[in-house]
Every structure is written in C-alpha cells, then in structure tokens.
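One chain, chain A, appears in both complexes that follow, with chain B as partner in the first and chain C in the second.
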Partner chain A sequence: MKDIKRVSPVKLKSNPLKTEKRDNWDIVMEYAGEGGGPYLVDLSHKPRLDLQNADVGAITPFGMTIPDSPGKCILQDGLLINRMNGTQASIYNLGYNLAGQEDVMMPDETGYTDVTESTICVAIIGKNIFSICEKLTALDFMSPEYVAPFLFQGPFSHVPCQIVTLSKAGDDSGIILTCSRGYGRDMIHSILDAGDEFNLKPAGENRFSDWISHL
Partner chain B sequence: MMNRLNHLPTLKIDTAQKISYTYKGKSYYGVKGDTIASAMFANGVRIFGRSLKYHRPRGLYSLDGECSNTCMQVDGIPNVRCENTLLESGMVIEEQNVKGSAENDMMSFMDKLDWMMPAGFYYDVMHKPAKLWPVAMKQIRKAAGLGKISPDFKMPGKYDEVFLNTDVCIIGGGPAGMMAALSSAEKGLRVILMESRPWLGGFFEYRSAEYKDGQSLHDRATELAALVRAQENIRLFTHTACVGTYNNNLVTGFQIGKKSDVFDQRYVEIRAKSVVAAAGCIERPLLFDNNERPGVMQIACALRMAKTYGQLPGNKAVFSIGHDLGLEAAIELHDLGLTIECVADIREDGQDAVLLKQIAQRKIPLLKGWVAAKAFGRKKVKKVRLSSIDKMMRKTLECDLVVASAGVTPVTGHITVALGTLKYDNHTGCFLPDQMPENMFAAGRVLGLNDAMSIEASGTLAGLKASAACGLGSLEEIEKAAKIVEMLPGPVRGTKLVTAPVKGRKSFICFDEDATIKNIKQALAKGFDVPELIKRFTATGLGPGQGGIPGHNLPLYVAKCQTLPDVSIRPTNVRPPLVPTLISTYAGTNHTMFKTTAMDEMQRKDGGIFRNIGVWQRARYFSEDYACKKEIENVRNNVGMLDGSTLGKFRLHGPDALKALQRVYVSDMSKVKEGRIKYSAMCNDDGCVIDDGVVVKLGENDYYFTTSTGRAGQTIEWIRYHTRYDRWDFSLVNLTDSMGVINLSGPNARKVLEKIVDIDISNEAFGFSDYREFKIADTIPVRAMRLGFVGELSYELHVPASYMQSVWLMLKEAGKPFNIQNFGVEAQNVLRMEKCHIILGQESEQRTNLLDVGLGFLWNRSKSEAKTVGAVALAQAEHDQTRLKLVGFKTENNSRAPRDGALIVDQKVRGYVCTARDSFALNEAVGMALVDADLSKIGTRLEIYEDECGDDRIYGTVVKMPFYDPEGKRMKM
Partner chain C sequence: MALTITCPICGKRNGYEFRFGGEEKGPRPEENGLTPEAWCDYVHLNKCVAGVQEEWWFHKDGCGLWFTIQRDTTTNLEAETVSMSKLATENEEAEK
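Up next, the complex of A and B:
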C-alpha cells in the first residue's frame, strides 16, 4: 500500500521543507526560498465538484446558496461556489483538510460530479499578481465592475481556464486558477516565467491557508 | 568624434557616459542616450546605406525612422532602424545592400540605369520572353533588396507580451496626448498613454520657443510630463509605438525595453473603451531633384540632432521650408552656431511676424516664394540650386546641409486602420480626420492645429469626450471645453506645393522603393489613375517606412497631375503594423502550450520519443526504429502497455441522458447494458462519420463514453447543439483529463493484470466487450473494458489521473517476469491497421460517411430518422454507387508499403491510401485505401502514385479485411 500515491499535475522545482500525506497525496506545506511574495501554491488536491441542474439556482450545496448570476461566486468557510452559467456551478473545497475546517463529502443528490482529477488548481497570491496575469491573459481583473469574489471563464496563456479572483486588495490579492490537468506542465511554466520579474516563487499550502484565513 | 553641444536643457544624452560599438570592424564611441544613427553621425558617418534599386547613397532624413535610409544590420539583425534604436554597448553594426561599402558601392552604377527601369518594368519587360524571367529574377534579387537573413538565423533577445485593459487609451505622448490623459484621469478612469519616443513631450519637447509667460515649450513639456507621471491611474508606456487599431478599440503596439526591463521588446495589446488619437504630425517631404541625398534632411531632424543629441547637423545650411517650424529651426540652429546661407520659404506670405523679425535680426537671407530645385554632390550635398516657384529666378548656393520640408502632415494611420476616414482640407493643405471610428477622438496636430494652447485645449476636449464614452462626464463640460478650443487659434494655412518645378527624374517620392515622380507620371500615362493602383504599379509606399515618406504626397501629386478641381483623391490605405517591428516581437513569449498525460515523465524516462498530436504530446515511438518492429512484435507475442489517456472521456447523466445519446449516436443506445460495452459512431447531418467510441452504463440515467482524441474538445458543444431545442434534462461532464487510460495488450495481458486485481478476470468472468468496475488494493477505483483495438487480448483501464503512475508501476512490476514493454502510438497504429480497425481522420476525411468506411452495421434504421443526427443523409447515400469505399490492399511482388496519402490512379485520381505499413506479423505490406466503388471489388489491381515517383508506381491488390486474425479469436481469448 505504501507505493500507492496520488501525483499532482503541478510540478514545482523548489525544495519542499515540510510535507504532509493526505488521502495518498504528498502535499507540500512549505518550500525552501519562498521569498516575500507573490506566491504560487498548488491546490490540485483540493476537492472540486461540478454541479449541473436545469434549476441550479434552487440547489443549496452544503447549505449554501448558489450565486444568482454567472460570474458571481461565494466563499464561505473555505467552500467556494462559482456560478458558471444558467445550469452549472463549480464548487471548490479550499478548506479541505485545513485546521478547523470540516471535510466536505460528495452530496447525495444527483447532478454532482467529482472533477478534482480533471484540472490543475493553483493559487497565485500576493503583490503584483495582476501584473503577472496581464502577461498571460486579456481578462480584466482590475476592472472596478468586478467585485471579488468573481469568476472569469476564459483564456489564460491561451488555455481555457476558470479563474476566481478572491481578493484585489493590493499585496493581499489572490486568484485561484483551474485549467485542464493536461496543461499542468506548460501552464505552470508560463506562470512562473511571467512571474519571474515579480519574484513569483512556489509556496506551500501553509501560505495559502494563512492567506485565505484572513479573507 | 564630434564635440557635442552639452549645455542645452533639451538634451537626451549624457556625454560623460561613453558607449563603445563596432562599425565595419572598427571600434567607435557614442554617448548614453544616443541612437545608433546619432552616434554614427557624431563619428562622421553621413552615408548609412544604399537604396533598394539604384544603390543611391542615403543618410539621416527624418530621425523617426520614416524611411529605410538608415536601416542597418545590427548584431546580425538586418533592417534595424538606426534612427529609432538606442545605442548599446558592444553593438556590432554593418552596412547592408552594398557591394564594397556604403561610401564606395560598386553597384552605384545602377543609378545611371534608371531609364531601363521605368514604373512597372517588371510587368512590362520581364514576361517576354518568359525564359528570361527566372534568370533576370535571380540577378534582380542579388542586386536589390535591403538586409539579408539566413533561414536558420536565431533571433537574439528576449521578447515579451502584455495584454492590458483600460478605459481610455491615448496614442501619442505629446502635449495633446498628455492633456487628454490628464483630463480622463481626473475623472478617475484608467488611462494608458503610449508614446513612441523614449520620453514624453512630442512637438514641445525639443523646442525653446515661448509657450506662455516666458516659459519655453520644452519646460511646458517637462511640466506636463511630471503631472502625467504623478497620476496613479495613468499607465505610461514610453518607447512604445502603436502598430494597429482595430474594432472595439483594440490597440496594439510594441515597447522597446530599457536596461532594467526583462525584455528587449514586448508586444502590447490594449483593450480600451475609448481611444484618443494624438500622434501629431510628420513633415511632408519636399520633392526636388536629389531630395534624398545625404545632407538633405527634414526640419525636425536637423533641429533635434542639435537639441536632443547635441550635434549640429552640418556646417553651412540652406533651408527650403513651407512652415513656421522651419523659420524657428533656422533661428535656433543659427544661434547654436550653424551658418545659414539662406532660407527659401515656399510661402509668399503668412509667416509668423515675430519669427520674420528674428530672422531679419540675424541677417539670415530669406527668399519668399522660393524652393530647392536640385541638390548637387555625388555622395553628399555640396550645393543646392534654389528656384523661384514661377521658375523665373534661380540661385545656386554652396552648403553641406539642406533642411527641406514642404510642410506638415498629420499622422492618421491610427484613425484610418480603424476605418476612420480622411478629407482633404484646403486651408491646411492636409488630409484631416473626417469620420472618426466609434469612441475614437482626435486631438492636437492631427487636427491641423499648430498653436500650443490650441493643441493642449484640443487634448483636454478629446480626453473629456473619451471619458464621456466611458460613461463619465457631462455634456456641459464638453461644450465648455469645445468653446475654449474654438476661441483659440485654429489650424494654420498650409502650403499647397507638392514638388519643386523640376522634371522629377531624380525627385524621390518614396525613398524605400526608389520611386520618383517620373515613375508616378509613367504610371499615370499607363492609365493608373488611382493612388492605390499607382502604389502597387510603382511600389511607392511598400517599403519598411510603411508609407511614411510618400503617404500624403502621392495623392496630392496625383490630384495635381490630373488637375482635379478639388482633392477628392484619398491617401492609400495603411495597414498594421503602422511601424515596422520584429516578427519575434509579435511572437512574444510564445509559451508552448501542449497537454501532457500523467505518464508523460515516466514514458520519457523509458525512452519515449514524443510528437505533438493535436493539443497533446504523446509517445509515438520507444526506439529509433520508427517501424516499431520490437514494440509491435511484443504486443503480438507477449504483453505491452500503451498510455491512451488522451482518449476523450465523458459522463452523461440525468433523466434525459439516453435521449441525448440516441440523438447523436447512430446505434440504438437503449441497448447499452450494464456491464457491457457498446461501440458506436456519431455522424454529422451529412451522414459523414465524425467520431467513434464506446459507451458504458454506470447506473440509471448515467453513462460514461469515450471519443477519439481529436474530437474530445468539441463533444459537449456537439451534443448540446444537437439537443438545443429539446429542453432535455441531462448533464455532460468532460472527464478527459480526469481519467488516465492504460491499454494493456497482448496474449499475456491477463497474466499481468490478475496480479494486481482482486476480481476474477478470466475470460468467462470478464469476457470480450465486458465492462467492470473494481478497486486496486482497495484504494484505486478502476473502470476496465475488454476491448481489442490492436487485435489482441486487451484491457483498457480507466484510472483517476493522479493514480496513473501508481497503477502503471504496479503493472510494470507485475509484468517484469514477462518482460512487459511500452508501446507507442505508431505501434498501435500498425497493430490496429493490421486488424483493419479504423481511426477516424485517418481512414476518413470530411466527406466520408459511415457506410463508406464499412461501419454501416452500427446504424440502427429502426430509430426514428429525424431523431438521429445524420440518419436522413445516410438513407439517401445508402444506394449511391459513386462514393468512395474503404478497402484493404496488399502490395504486389512484396514491394514496400506506399506512403500514407499516396494516390490511387488510373487515368485520373481514383482514391488515396489512408494507412499502409510493412506488416511484421504478415510479412508483407498491407494498407487501407478509400477508392471509387468500382475499384473496391476483391482482386482489383490498384495503381498507386506517390509524390515525385515519376513513372514508378507501386501496385497493390484489393483483399479481404481484416488482414490479421480475421476471426477475431485473439482479442477474445
């Protein structure tokens, strides 16, 4: 059994200082040389669900109300629900296995599909992150029309992505990005390459936990 | 090296910081802030290159790269615009398009042969006799052209890209642009300001003339620039040329990086809500004989050489101008030490009285109604002949500098490429904006304005209009700003003169293409009466200067020649890039974005040779033997593993899931049984087969199906499209990346698999076409299918992607006693071809229907035709004997397999080879081909034509399919 492990599609070349094993994932809690931000954190192990229903707005996953219009999101106790379109929402359990958070299991109702394996999931947090983003996408994160949290579904480094902006507050800014798992290698390379001039470094889950707990 | 003027506040150089460079193998020095051209000029270089056709000497002219005069090879990169490129330490600069040197070019005799090359000579002369053309073309190409580049040249440097969003984008960082930026920024809008020069200030920046109350224009520019920099909501992009404007206010450009930047150049793409076009004016070149001889330059070029780069552009100058800027420049340059022999002003009257007085005070001779007619000097200007406009008087003066300009002309490319229109303005003699594109506003000198206050006020007005277009601002304040503009001086009267009174054999209207006004006359004489046609016939404006030099002179000259009552003719269309740049800049960072499977790294370690296949990178071979003999034989005789993760995988669930399946699949999908696999296909409305795959039932109203790799990206859209009016309640989830796939194939596959699973996988318990779900080690959920794509006992294991490596390693470990091996996509291709299992896209093309490829058995005719996509068309095509049919063939005389795509021919093309390979299992070459129906009969001889095979043909015979294990025993074992 010890040989069985789950491998993240995100490979970060930094040296892990602290790791944890959860549900067969080797999760890096801290990397060497994380620097002062911005940070790139692999969250691909965080459970993610797809929910589809003709009347999706009437469903209350885990007791939460799905936002009423596409592009809107709700973050509550580490659970992020993103309204994608008229019949679909995505659910990210960002609090999964965080201290003080209860793990969320697959709901019994129909309409849910576990899509954790379908995508990579990374957080880009800290200062200058939108300067990094504008090197990779034409999506307008800084438009005053969008108030965090909000969802963009569009190209990032030419690849279709779901990007949730959780904060636009200067040095505490942060986004969660998911895209097809297959693009993991090249997406991470392009993000780190774009972020190089801003000193973007890989960081462990602890950075993300600290950050999200302050939102 | 020339001593620089180093006391001027307008200087952009630091003479204390020397920069070394190499020119023609020798070391020279420039100073910090120099462009390549200004540094070379300081070192005495006057001839920078030779012209395209005639190899005429060329020198500084506009200082803004409006022509190819100073294009040189820098660090191996040809056609670098040296007037715009800042000097960097260690640069290696070479002349281009010369035989010998720019100073002594052995090809300069071409200048005497202009009579042999009238306008359109390559159309007139070279097509008869036709045999001459290939020979002549080679010689012309040798003699002409600008820089040369090797096909394998690797572009040095770092290139980046940035995609920006803003409310207002302002093109031009002169006074109008800065005022527009400030007025929009004050509304709280996000503003981007682009300026092609490395600094702000534009028309004010290099001038010492008074702005107001004793403040110089230069100081005013500095003041405005400081205000702009202080605004947090203005993003400033200096050294950023705009190269295009498009619908919906998309603006593109490129930025030259500073030393501190991480890029040398970067592509800039801006999405704005509104745009202000404030790119100012360039000078309209004065047409006279030898008007491009080194030593002839435009007013701003001469003035900026002194004021920006601290160099007097010559020793003794004659001015031939048509604008007050010329008078102002003469005064300033005189005061800096330039001897001015004479100022010839095209205008008889209308000059600024203050400037006239200052000219008189300096005792500079002024000739009103005079113009330069001819410059003399073989390589550089030595004297110039002036003529009164009525040709009655002539005068020749010795000089080494002719400052020449017919007037100014607005930079309107940004407006016209966005489909704005221009109109000739009789007062200014310029083409001014007429209809502006939606939410684009012009400001400053683009509107013909010249007065400093008017320029600024127009900028403010444009900024307010742009803000209003973003939803901020009031009509009242716009009206108020408009009134201020109205009260200030409007556009000044411009000169109408296009050309000096000369015949024009050596009066160049386009420097880049060596086009003269004589060439234009020749084109007109041949009936080309529209500038767009003349442009193409004479190549005027087709060079790297992007039409900057001939842009507005061409339509004016054509109008003059045609004696039109008004100038209804318009300038020719300009197109992006408005300013030339490197293809590398457009490529940007060019990140490679391919998908990889969870097994990518491990397969590479195992020697996998990868190829890009669609959006994926896949292991195609596992050795340098691209025939894959060992891989194939291992699967046929032992056991192999293939990573099939790229297969499309979907979950379809919900109350109406079955209806959706019935709609898109040709088979009766109600017959999908739990625990069994159903193979079927999808067609388009024409009955053409677009996809195939298997469907399994996971539970009530819950299905899992696969598609081909190439089709996965379109499947959800396809099903949604074909059910869009039905209001069916079903959900579709793309699980392509979620599930990895391992194809375990070969006679020993079962022996390997049974080592790692706990269920009975005997043929009786888990037979062919069965589907099972189980867990490996009570942990890893697996969806397993008994399939036989490669024609052997096979298990297709669908595994959560994150567990793929674990399962792969387990199988490898379990397969060790059997010497299990990887096999790649090419081996799979041969294996399935031997079995005649088709791959859509390989054994089909756009017009191939389900019946053509022999999959008609999948089509369930009892389903209502109207409800199955493609069924109606299939019914119509069913008895059509004119369609291509898929056949199997073997080659004759044990000859090699033809290449994929080779044609089946007799007297005409009768089909083509889809896939053919030398089969190791069969020990002969076999393949599949789509052929005309009458060639599909068993035993028919096929004549196969390959590219460049000449008279040699490969012959084959149509045989029964499949070639290998026709009874299918091996995959069912």
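Up next, the complex of A and C:
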C-alpha cells in the first residue's frame, strides 16, 4: 500500500532550510532569511477538530473542560479548545509537547469532525502583528475587554475565520488563524502583502514552537 | 448608511457579516385545523413595518447564531438587542 501524501494549502515562497516528514505532511522547520520578526508560520498540519453537541459544555475532550461561554479559550498541554457558540467548540492540537501523538487525536465519542485538511491554519507571531491585522480586519484585538486567549469569529481579509489571540504581550504577541482551505493562497498573499511594511517573513515550525513554549 | 448589528455572542459587527432571516412572525401555527390559506399567509405575508420591527438575523461570517433584533426600518438603526445573558436570566426567572 502506498503512503498518502498530505499537502498544505499554504505555499510560502521562501527557501526551506530544514524540513521534516511527519504523519505524511512535509513540514518546514526553518526557512532561509526569517529575519527578526514578525513571523508567519504555516500550521496547517496541526490536527484540528470541530465538536458539536447540544450540551457541548458537558463534554470533556482529552480530559479538558470546554470554556463556559463563547469566545473563551483554554490552552493546556498543547491543546487549544475554543468555545464557538452554544453548541460548538473547536480543538487545535498545537502539540508542542505531544510529539508522536498526532494519530491519537480523534476521540471515540460522537460529535467530532476532523477539519485538518479542510481548513488552513497559520500563526502570526512577533512584534506589530496587530498593526498588520488592523489592515485586514475591523476586529478589535486590542480591546481591554478581551483577555488572551480569546476567540474571534469574523471576517479577516473578507474571509470568515476563526482567530485565536494567544498573547497580546508586545513583541511576544501571537494569533492563530484558520479559514476554509480554498482561501489558502489568497489569504497568505494578503497577509504577507499587509505585513510587508512591518517586515513580516515566513518562518518554520521551530519559530512557533519556541514562541508557544514560552507562553 | 452602513448597517451594524449587535450579535449576542460577538457584539456589534458590520451588517455584511449577517444574513437576513425575515420578520419575526411568532410561533409556527398549530397544524390541527390549519388551512392552506392560513399557512400561506403565515409563510409569505409580511407586515413591512415603517418603523421598529423585530426580525431574524444569522451571523454567517461569525459564530453561526440565529437571533432577533429590533430594527427601525426607516433609519436602518438597531433599536434594541436581547443579549444571550439577558435571555438566560429571563428563562431562569420564567422557570421559577
């Protein structure tokens, strides 16, 4: 039997310096000329689930409690759980300390849908990232009303997205953005174009792992 | 004039994020004794109020919630929105 090949919808033009094959994904760990930040990191290979249930708050995926109100998130042991509305939550395995456990991502209970290959996922981390976001969306990330981590569901570059702000701490700020896979190429184009004046560069997974391990 | 709508979950957003769901017409009529004419009236007839009316909206680019708002059709401004927390409080009080 032949191995399947999983292809990220995100194509970054920089030259990969270090790559890794994991769970049939070709993952770039480091790019040439990443610069000093901010960084755009492709995380489309990170397993992501959608969970729907009439009583979603009573479910404990991977032993974790789903936040009680929409917009709230929990990040614990590499798993990010975002409450979307009364009946739905999304789960991202950011997996910085779950190496080798990608294949145990699907729980046995009903209600889960694997959306890894139907969506893109990117992280924008580093300094000035909210100045970049401000050019692409009217969502107010810097409102003191929202304390990280929190989830926004709304248009980013006119595309309906889930955007999780993991940190608003100056140069260590970071967001994770997901949207439908078909928008991948144009979403990356618009983010890099908006970030050009802030020196936004593509970066490998190592840069993201370093960043999130310090949160 | 740009329409803004206050989603009970996401807060005040651009009207383009939402899909209109029609006037609020009250509960679906009882099927016992329901005539085709009465059903047709319920489905198709609208009041088309010139003023404040209650109407359904769907946050299609956001949280996916269906909810109602009060909108003044002459100014295209929201009059009042019932928040989820207020609804929950009202429901709790009604159950007591």
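In this text, the second predicted complex is superposed on the first by the 202 of 215 C-alpha atoms of A that agree within 3 Å, B and C clash if a C-alpha of one lies under 4 Å from a C-alpha of the other, contacts with A are read in each partner's own complex, and residues count from 1 in each chain.
Simple rule for what comes next: a residue touches a chain if its C-beta (ideal position, glycine included) is under 8 Å from a C-beta of that chain, and two chains touch if they have at least 3 such contacts.
The model shown is predicted, which means the values in this text are computed figures rather than measured ones.
Visitor: Could you check whether chain B and chain C clash or fit when both are placed on chain A?
Guide: fit
Visitor: Have a look at where A:Met105 lands relative to chain B and chain C in the superposition and call it first, second, both or neither.
Guide: Neither partner.
Visitor: For the overlaid complexes, name the partner, chain B or chain C, with more touching residues on chain A.
Guide: Here the partner covering more residues of chain A is B.
Visitor: What is the contact status of A:Ser8 with respect to chain B (first) and chain C (second): first, second, both, or neither?
Guide: Only chain B; A:Ser8 stays clear of chain C.
Visitor: Determine, under the contact definition given at the top, whether A:Gly71 touches first (chain B), second (chain C), both, or neither.
Guide: The second partner, chain C, only.
Visitor: Contact-wise, after the overlay, does A:Met84 reach chain B, chain C, both or neither (first, second, both, neither)?
Guide: In the superposed model, A:Met84 contacts chain C only, not chain B.
Visitor: What is the angle, as a multiple of 10 degrees, that the CA centres of chain B and chain C span when seen from the CA centre of chain A?
Guide: Once the two structures are overlaid, it is 50 degrees.
Visitor: After the superposition on A, what does A:Gly154 contact: first (chain B), second (chain C), both or neither?
Guide: Touch partner of A:Gly154: chain C, not chain B.
Visitor: Using the touch definition from the top, say if A:Ala58 reaches chain B (first), chain C (second), both or neither.
Guide: neither
Visitor: In the superposition described above, what is the shortest C-alpha distance between chain B and chain C in Å? Please give a whole number.
Guide: Minimum C-alpha separation, chain B to chain C: 6 Å.
Visitor: For chain A, which residues belong to both interfaces, chain B and chain C?
Guide: The answer is residues 138 of chain A.
Visitor: Could you please specify the touching residues of chain A with respect to chain C in the complex?
Guide: 70-71, 84-86, 88, 138, 152-155, 160
Visitor: Which of the residues in chain C end up touching chain A in this complex?
Guide: So the residues of chain C touching chain A come out as 9-10, 13-14, 17, 59-65, 84.
Visitor: Taking the touch rule as given, give the residues of chain B at its contact with chain A in the complex, in rising order.
Guide: Answer in residue numbers: 160-165, 190, 262, 269, 271, 589, 591-598, 600, 615-616, 651, 653-654, 729, 731-739, 777, 779-780, 800-806, 809-810.
Visitor: Inside the complex, what are the residues of chain A that reach chain B?
Guide: Where chain A meets chain B, its residues are 1, 3-9, 24-25, 50, 52-54, 87, 110-111, 113, 115-119, 134-138, 140, 142-143, 157-159, 180-187, 189-190, 193-194, 196-197.
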